[in-house]
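Presented sequentially are two complexes of subunit A, the first with subunit B as partner and the second with subunit C.
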Partner chain A sequence: MTTGILVYAHNSRSLDYALMSLIAAGLAKKNLNVPVSLVTDPSTVEWMRESNILEKATSVFENLIIVERPITDNQRKLCDGKNESMVPFVNTNRASAYDLTPYNRTLLIDSDYFIFSNRLSEYWNIDDDVLIGQSINDIYSGDRLGYNDRYISEVGIKLYWATTVMFSKTPRAKTFFDTVNFVKENYKHYADIFRFDNRQYRNDIAFSVAKHILDGFINLDSGRLPPVLTTLDKDILASVEDNKLTFLISTPLGEKYIPASITDTDIHIMNKQSIIRHGSQLLEMI
Partner chain B sequence: MDERLQAALDFSNYQQTFSIQRKTLKEKIEAKLTYGFNGGLFRIDKNLLTFVEVISAKRSNGVVLMDANDNPILIDDLEAFKDEIFSRYFEATNEYYKQYQQLKKSRSVEKLIA
Partner chain C sequence: MSFGYLLVVSEHESVDYLKLAYGLSLSIKNTQREGYDKVALVIDNKEKLLGLTSSWVFDHVIEWNQETFWDGRSWMDQLTPFDNTVCLDVDMLFTEDYSHWAEYFIENSELYIANKTYTYRGEVITGDYYRRTFTKNNLPNLYSLYTFFKKDSKLAEEFFELGRQIIKNPVEFSNLFLSEHKPKVVGTDEAFALAAKLLDITDVIAYPLEFPRIVHMKPMVQNWPWPADTWSDHVGFYLNRYGKLKIGNYQQNGIVHYVEKNKIDDEMINILEEIAWKK
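After this line comes the complex of A and B, so read on.
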């Protein structure tokens, strides 16, 4: 059985997803010891060339899988500490992972999910065909999370986090990804049924709805990856030294920052701008 | 040093940083106590260790254990399984102890995140 990791990167004018995916891939490859492939588009590859990371990318990625850039008007408010901006979000083609992956067993990760341990290695041989991050685990405490971080809406089902998804090339997994795609194509309809906000497409919601349907409309304990340890976008990655990341963690009311550091722990860093600012130091870690 | 980091260090509450450091340390140890085996997923804890120790006195091959999701998992060689989980447990808890002592000794925010 071949195992490997799949990352998606479609650059936007605001965010260098190419660089983030390279860091995420390099760390995942180093700590899980499996190959990584990238799903990207011609303009993102061109940007890699312009920004002088293409050579590094071709050494880190086993395959560059070039697809058409998804057309989307998805926009999202993103914080960088206390600063806010609206940024385009090109991530609507995640359901294609099943068809595009070159591996029999694939770990699909977001480009802002950095793997510093081998924890997910324990899941390669789990019997489940599809596993998804079971929840968000805020590095600070649960106090900063809202209902919509745990459920797809105030009256909706449990929210899984598609930051990490592991799947096998099996008919069951194909049905899962077909269902994710169907939910995406009929997003308004499912928003009416499950009462979620459909103004922007969100992978986490499409994956959660698909899992709920295929689990038989009940909440099953199976098919779960560990909670995704996360720093929010109002937190700031302040420094990267050796194997240590130091963050400024915003308190719930945002009145001050609490310093904290991590080593050897997988982490989802929502403040993408602060990842970019430390891009060169992070690249040194891979 | 980043000015915001310096300002935050100056005003930060030691206990809040301590809590986050302890939480991430527990997260790290939790990861080490997760064991995927023969299609199942085991959490290495006191229950599993004790149960395996008890049943290994009765039987050593072809034992079925419930994993973390209550799925039945066949353990062909219980002695090897036992050795593995005990080894992982000792390694993880020793590391936890060592790093927790280090945290407790750190009396300033700077030392906590060093």
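After this line comes the complex of A and C, so read on.
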């Protein structure tokens, strides 16, 4: 059985997903000791060439899987500490992972999820065709999380986090990804039934709805990856030294920051701009 | 050794409790294994059963109209015709076969009272909005809506006797033992919890188990981000023709305590009757 990691990167004018995916891939490859493939598009590859990371990318990635850039008008408010901006999100093709992956067992990760431990290795041989991050754990405390970080809506189903998804090439997993795709293509219909906000497509919601449907409309304890340790976009990655990442963590009322450091711990960093600012130090870690 | 479910109803000015008991009994017949599907109904006037299409779903009918001003369920030990009984609230529906729960209690318990309930989304209910009396007075979190007991149990006899004394003398017991937060009414839940505490038998009659799994639909404990008066303003209640029940986007597989008495309407009853007739 082949195992490997899959990352998606479609650059936007605002964010260098190519660089982030390279860092995420390098760290995952180093700490999980499996190959990594990238799903990307011609313009993002061109950007890699322009920004002089293509050579590094071809050494880190086992495969560059070139697809058409998805057409989307998804936009999202993103913070960089206290600064806010609307940025485009090109991430609507995640359901294609089943068809595109070259591996029998795949760990699909977001490009802002950095793996510093081998904890997820425990899941390669779990007897579940599809596993998804079961929740997020805020690095500060649960107080900063909103209702919509736990459920897809006020009365709706549990929200899983597609930041980490592991799956096998099996009919059941194919059904799962087909269902994700069906939910995506009929997003408004499912928003009516599941009562979520459909103004922007969100992978986490499509994956959660598909899991809920295929689990028989109940919360199953199976099919879950560990909670995703997360720093919010109001937090700032302040320094990268040796194996230590230090963040400035925004307190719940946003009035002050407190420092927090991690080592050897997988982390989802929502403040993408601060990843980019530390790109060269992070690249040195891979 | 006989086993059965005991339902207690009496006349009420605005709620047809017999209809609710009928719906529950139909759902028991539709889902439980033979031998674990017997139902006894305690009612203040047997004549009312004449209005039901399938009153055979009640295997025993016991006419009883004493002490109607108390909660009749506190007399469950003296009213049951079974050696082993689960006394239920009537505003509930069975959605799956729970015969194995009954088997466990028959084998292992003299008296067991539900002490955990779930939201329609399957989360354990931790909120105490309706249970301040319990938390403030450090009472065990008992739910009398599912009470198992053996008829020949001394423990059960002593427990139910004290429960009745508490219900008979609410002011005295409240002043003495519930002073931190007095309930408006000392109901069966409060009386059973206080009796368990006074007899120091909570560990014997309410030890942690994964069952009975009861979905409790009181709206303020559904983990919603806003206050709610009635849950049906926010989520749908869908019983299909196979008797499968969904609330909101969740398939229900526990006993559903639906709370809102108008949920069991004629359409629901027709669905449950058809399933029972075809079984």
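Convention: the second predicted complex is superposed on the first by the 286 of 286 C-alpha atoms of A that agree within 3 Å, B and C clash if a C-alpha of one lies under 4 Å from a C-alpha of the other, contacts with A are read in each partner's own complex, and residues count from 1 in each chain.
Just so it is clear, contacts are C-beta pairs under 8 Å (C-beta built on N, C-alpha and C of every residue); 3 or more make two chains touch, one makes a residue touch a chain.
Bear in mind that the values here come from a model prediction, so they are computed numbers and not experimental data.
*Asks:* After the overlay on subunit A, what do you see for subunit B versus subunit C, clash or fit?
*Replies:* fit
*Asks:* First (subunit B), second (subunit C), both or neither: which does A:2 touch?
*Replies:* It touches nothing on subunit B or subunit C.
*Asks:* Where does A:246 make contact in the superposed view: on subunit B (first), on subunit C (second), on both, or on neither?
*Replies:* Touch status of A:246: first partner only.
*Asks:* Mind working out whether A:193 is in touch with subunit B, subunit C, both or neither, as first, second, both or neither?
*Replies:* A:193 sits against subunit C, while subunit B stays out of touch.
*Asks:* For A:51, using the defined touch cut-off, is the partner it touches subunit B, subunit C, both, or neither? Pick first, second, both or neither.
*Replies:* After superposition on chain A, A:51 lies in contact with neither partner.
*Asks:* For subunit A, which side has the bigger count of touched residues, subunit B or subunit C?
*Replies:* After superposition, B is the partner touching more of subunit A.
*Asks:* First (subunit B), second (subunit C), both or neither: which does A:158 touch?
*Replies:* Second partner only.
*Asks:* Pick one for A:221: touches subunit B only (first), subunit C only (second), both, or neither.
*Replies:* A:221 sits against subunit B, while subunit C stays out of touch.
*Asks:* Is A:123 touching the first partner subunit B, the second partner subunit C, both, or neither of them?
*Replies:* In the superposition, A:123 contacts subunit B only.
*Asks:* Pick one for A:59: touches subunit B only (first), subunit C only (second), both, or neither.
*Replies:* Once the two structures are laid over each other on A, A:59 reaches no partner at all.
*Asks:* Working from the superposed arrangement, determine the closest approach of subunit B to subunit C, counting only CA atoms, in whole Å.
*Replies:* Comparing every C-alpha of subunit B with every C-alpha of subunit C, the smallest gap is 13 Å.
*Asks:* Which residues of subunit B touch subunit A once you look at their complex with the stated criterion?
*Replies:* It is residues 1-2, 4-5, 7-9, 11-13, 16-17, 19-21, 23-24, 27-28, 30-32, 34-41, 69-71, 109, 112-114 of subunit B that touch subunit A.
*Asks:* Provide the residue numbers of subunit A that touch subunit B in the complex, in ascending order.
*Replies:* Interface residues on subunit A, with respect to subunit B: 81, 117, 119, 121-127, 137, 139-141, 221-222, 226, 229, 236, 238-239, 246, 248-249, 251, 256-266.
*Asks:* Would you tell me which residues of subunit A are touching subunit C in their complex?
*Replies:* 147, 154-158, 193-195, 212, 216-219
*Asks:* Of all residues in subunit C, which touch subunit A in the complex?
*Replies:* Against subunit A, subunit C makes touches at 121-122, 222, 224-226, 234-235, 246, 248-251, 253.
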